[in-house]
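By letter and in written order, the chains are A, B, C and D; residue numbering begins at 1 in each of them.
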Amino acid sequence: MMRNTIRIGLIGTGFMGKAHALAYQAAGNVFDDIPRPMLHAVADLDGARAEGFRNQFGFVKALTEWRALVEDPEIDVVSITTPTLFHKEMALAALAAGKHVHCEKPLTISGADAQEMMLAAEKAGVRTASGFNYLKNPLLKYAREMIASGELGEITDFNGIHAEGFMADPETPWSWRCDPAGGQGAIADVGSHIIAVARFLLGPISEVFAQLDTPIKTRPVKAGEAERKEVGVDDIARMLVVFERGCSGTLQANWLATGRNMQLGFQISGSNGTLVFDQERMNELHYYKAGEDPRSNGFRLIESGPQHPPYGAFCVAGGHHLGFNDLKTIEMAEFIRAIDQGVSATPDFREAWEVQRLIDAAVMAHRNGSWARL
Amino acid sequence: MMRNTIRIGLIGTGFMGKAHALAYQAAGNVFDDIPRPMLHAVADLDGARAEGFRNQFGFVKALTEWRALVEDPEIDVVSITTPTLFHKEMALAALAAGKHVHCEKPLTISGADAQEMMLAAEKAGVRTASGFNYLKNPLLKYAREMIASGELGEITDFNGIHAEGFMADPETPWSWRCDPAGGQGAIADVGSHIIAVARFLLGPISEVFAQLDTPIKTRPVKAGEAERKEVGVDDIARMLVVFERGCSGTLQANWLATGRNMQLGFQISGSNGTLVFDQERMNELHYYKAGEDPRSNGFRLIESGPQHPPYGAFCVAGGHHLGFNDLKTIEMAEFIRAIDQGVSATPDFREAWEVQRLIDAAVMAHRNGSWARL
Amino acid sequence: MMRNTIRIGLIGTGFMGKAHALAYQAAGNVFDDIPRPMLHAVADLDGARAEGFRNQFGFVKALTEWRALVEDPEIDVVSITTPTLFHKEMALAALAAGKHVHCEKPLTISGADAQEMMLAAEKAGVRTASGFNYLKNPLLKYAREMIASGELGEITDFNGIHAEGFMADPETPWSWRCDPAGGQGAIADVGSHIIAVARFLLGPISEVFAQLDTPIKTRPVKAGEAERKEVGVDDIARMLVVFERGCSGTLQANWLATGRNMQLGFQISGSNGTLVFDQERMNELHYYKAGEDPRSNGFRLIESGPQHPPYGAFCVAGGHHLGFNDLKTIEMAEFIRAIDQGVSATPDFREAWEVQRLIDAAVMAHRNGSWARL
Amino acid sequence: MMRNTIRIGLIGTGFMGKAHALAYQAAGNVFDDIPRPMLHAVADLDGARAEGFRNQFGFVKALTEWRALVEDPEIDVVSITTPTLFHKEMALAALAAGKHVHCEKPLTISGADAQEMMLAAEKAGVRTASGFNYLKNPLLKYAREMIASGELGEITDFNGIHAEGFMADPETPWSWRCDPAGGQGAIADVGSHIIAVARFLLGPISEVFAQLDTPIKTRPVKAGEAERKEVGVDDIARMLVVFERGCSGTLQANWLATGRNMQLGFQISGSNGTLVFDQERMNELHYYKAGEDPRSNGFRLIESGPQHPPYGAFCVAGGHHLGFNDLKTIEMAEFIRAIDQGVSATPDFREAWEVQRLIDAAVMAHRNGSWARL
């Protein structure tokens, strides 16, 4: 029996372009219940980079025109990994061509644009996905189950953060990330991840207050040069949120956190238990279960293992560690499976729009100095 | 040469009463540059408890009337460890009697009362102190020095929390802590500690926004009984703050954090470094120093040692661990030393009032749904 | 330009069979400087399993006869992942057929057999490799560099362990792992890893003393049945070793360590520094550098990143985590690269024989109750 | 009711002298069920130091002649904190004078001398104690209970170490610790602690093999000087041990472990559970309990609290941390209580002799290159 295949077109050859290429390839090998993704075409304005990708990953075609890619009738799925600013145009074109679309996070530069993309997707009747890869961690899936089943009791608090340090040096040059035309700053760039995690675990958010902070007001136009340009977006976003389910919490986003590479973490407390997670130790979930013998009770260090699906698809032995690329592989496998089964992927454009709506509401709350309702 | 002595009167025989008695005794032994504190009198409404303290700790007198204690001419210092509600009356009486006064935190139930106490103290010209024991950690003193010396560069973020779980069970009975007449809830009970830490490290706070949250609306009047009483204070306080120095941050207080015993922690980021601390591992300070060889750089686990005064007064060898009672000992030693030298102790009633003012401002910000300025 | 390819034959479809299949596929995608491995044939006595692998991973052929595989002229590389007992026969046949051979660890059941395999390989003039995947961790490569460059000063101690708990329950049934005919127990099964790590970092071992311990004397023939069979091998091996370079250390192997999934760890001390590693947190290396300011010095938590090659081939951002399968991918890429460049892979059969020699010497030391020289 | 008192004579004013003075004082305050220790006399050859102690701690007398102290009829208990070499003579004199004697560890420089001291003590009919303070940790007491009650099942392994770095620098000068006339090196200086811990938890040791290692062969006679002197003792001791109860393990002692201040740790595995402890985080015990739901099982971080006696005597709230001096306080309180109740203290001279016997056996095993039986 030959497995079905599904043909992929990839736009962009940066950090995420490579992550997608690797993940599609791996998804077909790790998971045998999905059509095998075939890398069909890669597009990049820089033809040499596209050609390099073709050679490295085995794409059939290397293109310089993304429009040629989205219109290629042989392609089933389009993956968009360019800077945020370009997502919308590319996604709309791909949707118009009837493709299933995976678009990296943040989905786009505003809630309004995200809504337009979401509505286009729903009208097109195709499957969509957005790159909130951290949700794919088997331990986060398990955390969600614990919460949903009531194992933690009534949830009273969510304390979440995504902090990295890649912009911490005031001499790190100005880039498209600093330009409001290119997106909403740290709140979207890193913050969208912790927002997605909060929603994944606890559901919709109904109210938000926020302070957006830009400690580094200007940056060099080029590294080492004297000329500086104003930073138009936030470096740090501090949000207070109320979830529809009733509990509240905090969400923080920060790209100035010197020394942090991947502090995507949370502490969730409920009347019967507490969960603590940090992506810096992504194979560990810390769980306190109330009501046990107080002499021997304490936070349990749960190590990821085959008892936490789909870890077992990667390795039959617990504690052997998944890595970042494995999360991306799960993400792609779930997207392909959703396409194959004709169901919505999680998170899809609708979910990505919800994230973006919250960002917009937070920006408004910041400007008004008052709570914003969604 | 005989050391001078100083006579102590202690009001209250609970958790903090014992901590004070132990700390005064230890202070005189650990530190040889201060007058030796002599436990003179202890007062408790419950005469048997007072007598028990006299026997256990060697107080000269055991009293049931605190007024007799504060007026005892042989006493130099009065330590107040009763529930918050009683602090003000006792402190004012002790100040009126010309005593130096140590009063546990939170200083009292409102900023106005705190101000009255502070003004009375300054008028009396005596020395005061309030029980923010966690500031006495040698590692926090070192952290403060690092910040003050610019070693962390420009500070961009303070992310602070004090979370414990002692009220996490909805069946934990109603107590004076749940009564607004007795104080301001978690924001004061545990929150005052993280506020004090934030101020200790980064200085005054000029603006605050807050959400006060009471997930557990009612509690049993008595354990196991059906009758329930409304909780009048917050269980969780989430604050956004702006420091006078320009940077911003978050402060969270929570007494519903199931499984947490002493999560008094912070992360401070600056352009040149980051510090991370958690009182759960109070002998460790984590420090990331920017600009080192990237292959071997990472957060350093600094262990408390004699290079962090006054650790060396307890133990000449590093990494041997101070405990909670040692912090209390440092606190009392510093108070006695301030009395001896005729200088202000840190933190004194003025500082405790500043903490309380911030709490009042946070409550107002919560009610108004808008930023409050101090 | 089309990349060269290299055709792989895989024997065995268990835990390691899958790991190899995934790793060969990934190696061709992650690394673009090697011939792309093509999964040509898979062999398993159980035809359905072989066929399942063909379908899942895209092998061209599924076989039930491993001999057909090793003799297939289209195959360049044979990967052996069967139980240890079968390694020798398969490897010798593959070598005789002129194939490059990757054989899982432990190489075989005795030093004598390992030597035979090593000599056959060297005579055949092909490339060999053995599955000590943990050596492929970019942080271990960096640790080795630090040691070699003298950054740690004179090495004084190596304290190594590999402990897992998969045999901890006395009711876990007897299996081929318990049979001396199938190998040497925990000392080979898990111990070979820590031996390989010790040699990788510090070079040859010249003397060994050992205690082999079998706390669980018998195990059920089948799960839940009363009939029990004697365990003929060690559950725990405790070794003292002297390295040729002069320093000494300990090596421990244990498969009864309840709760441990992957405690492959070491502490190496030198006069100028100390390194601590545990595979349970495989993306972290702890490093103490002597001579820094004592107030701010401490163990540094180095997070794996692109500054530790070949991490960057997987992900351009530090702290994003490699996983177990990524180590296997590096292993296969390095093997293919060695084949392509006509140089020895590390570790090859000679190195695997050295590991096995040490195991033999340790067994002898245990029996004689005295040091064994190598 | 006045509490009884008991009068203490202290010999030595170094690190341990201060620790004893503080601990006796604190013991009387923290524990109300014991006679209050009164600091009566302190002796040091250096009269100024003795006088300083009198002033700091409130001793009644300061002496330069230790013999005057041990013969002082007002003294009930003699505490010996001088270098090891002097322990025996002082202890025998104190025993001859009918005093109860506390002598720091290691008890003396050889097993024969230790036996002589033990026999003298038993003949004198007084109470003795030796300073294995780490045994006094409430979490170690709890660990011992767990083992004794069978909660961990059949114990299969003990992996223990005591490593510090205070001699790691080859330029650290020669001292009495390097002189075989003064004791047995790291095996006694730090190793005696981990031996005592192993015996405390698992009982007597019946066989030992050892390698004693001296990587730093010579040290400067004085800091910074060229003249060097041979180190006559071990820097590192690596032992394999068999416990009478049947299980085996390893014990390591090391004073060259660069960067380590207090790595006194162990991992104990049993068929039903595993315990992991490290004095570097002395308020934490890690416990894996077999047989729980595998999805949520993992090592539990048990924090020290009032549920682990006698923690509650120090603090009513869990997770507030005991420190090193608190362990010493428990040690002295238990010694005084044993005196008061007329029962043996733990550990007494007999136990200290058992530790020393093991050290002697290990030295012999090292010399012979074969197992030594006790």
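One rule holds for everything that comes next: contacts are C-beta pairs under 8 Å (C-beta built on N, C-alpha and C of every residue); 3 or more make two chains touch, one makes a residue touch a chain.
In this text, all values refer to a predicted model and were calculated from it rather than measured experimentally.
> Return the chain pair with more inter-chain C-beta contacts, choosing between B-C and A-C.
Contact tally favours A-C.
> Farthest chain from subunit B, going by the mean of C-alpha atoms per chain?
Of all chains, C has its centre farthest from that of subunit B.
> When the C-alpha atoms of subunit C and subunit D are each averaged to a single point, how far apart are the two points in Å?
Roughly 41 Å, centre to centre.
> Distance between subunit A and subunit C based on Cα centroids, please, to the nearest Å.
Result: the chain centres lie 34 Å from each other.
> What is the distance, in whole Å, between the centres of subunit B and subunit C, each centre taken as the mean of its C-alpha atoms?
53
> Would you give the residues of subunit C that are in contact with at least 2 other chains, written as numbers and ranges?
260, 297-299, 303, 305
> Which positions of subunit B touch subunit C when the two form their complex?
By the definition above, subunit B touches subunit C via 142, 146, 287, 289, 294-303, 305, 307-308.
> Under the definition above, what is the set of subunit B residues touching subunit D in their complex?
Against subunit D, subunit B makes touches at 1-3, 15, 18-19, 21-22, 25-26, 28-30, 32, 36, 52, 55-58, 166, 260-262, 280-283, 303, 305, 314-326.
> Contact residues on subunit D for subunit C in the complex?
153-154, 156-157, 159, 161, 163, 165, 168-170, 209, 211, 213, 215-216, 235-236, 238, 240, 246-250, 252, 254, 256-260, 267, 269-274, 288, 290, 297-299, 369-371
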